[in-house]
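Heads up, the next two complexes both have chain A, just with different partners, chain B and then chain C.
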Partner chain A sequence: MSRGFETILDGITRVQGVRSAVVVSAEDGLVVAESSMEGIDSAALAALTASLVSRLGRAMAAAGQLPPAVIHLEGDRGHVLARPAPADLLLVAVAEATANVSLLRLTLLDAAERMPS
Partner chain B sequence: MTDDIHALTAELAANSESLVFLRLGEALRRRRQLDAALTVATGGGQRHPHLADSHDLLARVRSDRGEGDAAFDAWTQVLRLVPGHLGALRGLAFMAFRAGDMDRAERHLEAAVGLSPTDPALRAALQRVRDGQRQSATTSEALTTVDVAGTLLLDQKGRRLAGLMLDVTGSDVSDPVAAELAGVRREAERTARLVGLGEWQRLVAESPDGYWHLAPPTDDTLLLVTADPGTPPGRVAIQADRAFASARRWRERMR
Partner chain C sequence: MRTIEPWVEPPLREFLRESSARLVLVMTSSGQVVAQYGFTRSLDVMAAASLGAAIVASTEELARVMHAGSFGNIAHQNAGRGVFLAPFPMHSGKWIGLVVFDHETSHGLVQLFFGQFAEELRAAAPVQRKEAVLLAEQFEDELNRSLRSLFGR
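Let's look at the complex of A and B:
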């Protein structure tokens, strides 16, 4: 993993309650870099999140709107947040239900700005 | 498109009195270069204050920027200059719809259809607003809440059950959006299950155009609530929860 991605992913996983942070290729849904604290299937997470963001983008385009800048999927046991980044990448984080998602959102926004292109 | 903008910019630079600013401002707006579009529209409006189309352009740009009050003022100015201006009626109808004022939206759309009776998009928008009003009256709880730009309830196959969604031009985009959202729901379910999130509760998307808040009121429906970009996120969540509860009760009564 490149030093640039490593630093960025470390910053995301330092947010309390984050279980996994992954850099994903938005086009094909493949893992580019990851930092997972426990057993999460990063490959499946990457593929599904890329597909989710893409489908949501198509729905928004159907309404004449720009694609999503941040998405937040909330389940009863946790959260997935995704933020498109330069070079057609996605920053994805998985967090526990009790995590501070507002802080995580801001961390992702900041991290995307600092992504190596 | 970029070439068009370069050419139009050059043409305007060569003759600042030219009406080409109308095409340039609209091209910039469509490319979402809203700061530049606002500069062009404002400059054009100052040079041509009695030209209704210059205020119409300014209103569309203001509306896209989420500046509803300024857009309303600009479209009102258009109607002072040219009563029955189609673009202004369409724009004001969209704004009224977005504010949940269906009576006003219907009045503006009726006036617009009266001026352009063969326009299929206008006729469809008017019909949908009327259908929405009838539906609200019979279900006792309107799905649309104040300040919410669009509310759409659909079934598992992406078919619209209730609600209405218009784009910024006032065209009805409910059905294409609903069709795409069926796939979004499946993907949200799969992602939540695989990542161990349990049952998915909601999916929120932010874009420069606003918020999309998706949630499944029942196992066979999906609710979309959209809100303007300036709306505080917590307020969007409260409005969405309210619409979610209404949709669930409505669906239960339909069973």
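Let's look at the complex of A and C:
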């Protein structure tokens, strides 16, 4: 993994309750870099999240809106957050239900700004 | 969609629904066609099957020469279309899937759902049946029989 991505992912996984942080190629839905705990299927997470973000972007465009800045899925057992980043990448984080989601959201926004392109 | 074996159809239908693939060809490693979706001409099926099987065979040989074990799946992509070629084990021997996709889906999704498709095929396949050894002199007859089944003529 490149040093730049490693630093970015470290910053995200340092937020308490984060179980996985993945850099995804938005167009291909493939994992570029990851830092995940056991039990997370990063390939599936990357493919499905990229598809979701792409479709949401198209829905927003159809509604005359700009693409989403952050996508937040809240489940009973946790959260999935995705943030589009430069160079057609996506930052995706999986967190436990008890995680500080506001902090994670800010961390993702900041990380996307610092992504190596 | 056309399939030689009826048990291939439900997993293939599910794969098509989930992956949004445009064309799918399932074949044995010798290029014998098992199922196809999206092809309209038998000539295209013949060409795709023989080329797909040849690409997988060449890649495996390349891996052997380079002592690289196995290269796994093969993907080609341009701006509008992608081709995903994946060998996978069945009870009767190795099969190959060739999937053509466009911007409606992605390489990641095709790869993800193809893995599930291969598992479902293995679970659905009758275990006791062994793939017949295909001799060169039988190949043309077998191919024609497959194409008649796949295209209904």
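The working rule: the second predicted complex is superposed on the first by the 117 of 117 C-alpha atoms of A that agree within 3 Å, B and C clash if a C-alpha of one lies under 4 Å from a C-alpha of the other, contacts with A are read in each partner's own complex, and residues count from 1 in each chain.
Here is the rule we use: a residue touches a chain if its C-beta (ideal position, glycine included) is under 8 Å from a C-beta of that chain, and two chains touch if they have at least 3 such contacts.
Owing to the predicted nature of the structure, the values given are computational and were not obtained by experimental measurement.
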(message) Given the alignment on chain A, is it a clash or a fit between chain B and chain C?
(response) fit
(message) If we overlay the two complexes on their shared chain A, which of chain B and chain C does A:Ala69 touch? Say first, second, both or neither.
(response) first
(message) Comparing chain B against chain C, which has contacts with more of the residues in chain A?
(response) B
(request) Would you check which partner chain A:Glu27 touches, where first means chain B only, second means chain C only, and both and neither mean what they say? (result) second
(message) So in the superposed three-chain picture, is A:Val80 touching just chain B, just chain C, both, or none of them (first/second/both/neither)?
(response) first
(message) Could you work out the angle between chain B and chain C as seen from chain A, using CA centres and rounding to the nearest 10 degrees?
(response) 100
(message) With both complexes superposed on chain A, which partner does A:Leu52 reach: first (chain B), second (chain C), both or neither?
(response) first
(message) One more residue to check, A:Ala43. First (chain B), second (chain C), both or neither?
(response) second
(message) I want to verify one number: the closest Cα approach of chain B to chain C after the superposition, in Å.
(response) 10
(request) Enumerate the residues of chain A that count as touching chain B in its complex and touching chain C in the other. (result) 44, 48, 51
(request) Going by the contact rule at the top, pick out the chain C residues touching chain A in the complex. (result) 77, 105-109, 111-112
(message) With touch defined as at the start, can you tell me which chain A residues reach chain C in the complex?
(response) 24-25, 27-30, 43-44, 46-48, 50-51, 54
(message) Please output the residues of chain B touching chain A within their complex, sorted ascending.
(response) 32, 150, 165, 167-169, 173, 176-177, 179-181, 183-184, 187-188, 190-192, 194-210, 212, 226
(message) Show me the residue ranges of chain A that touch chain B in the complex, using the header's touch definition.
(response) 40-41, 44-45, 48-49, 51-52, 55-56, 58-60, 62-80, 94
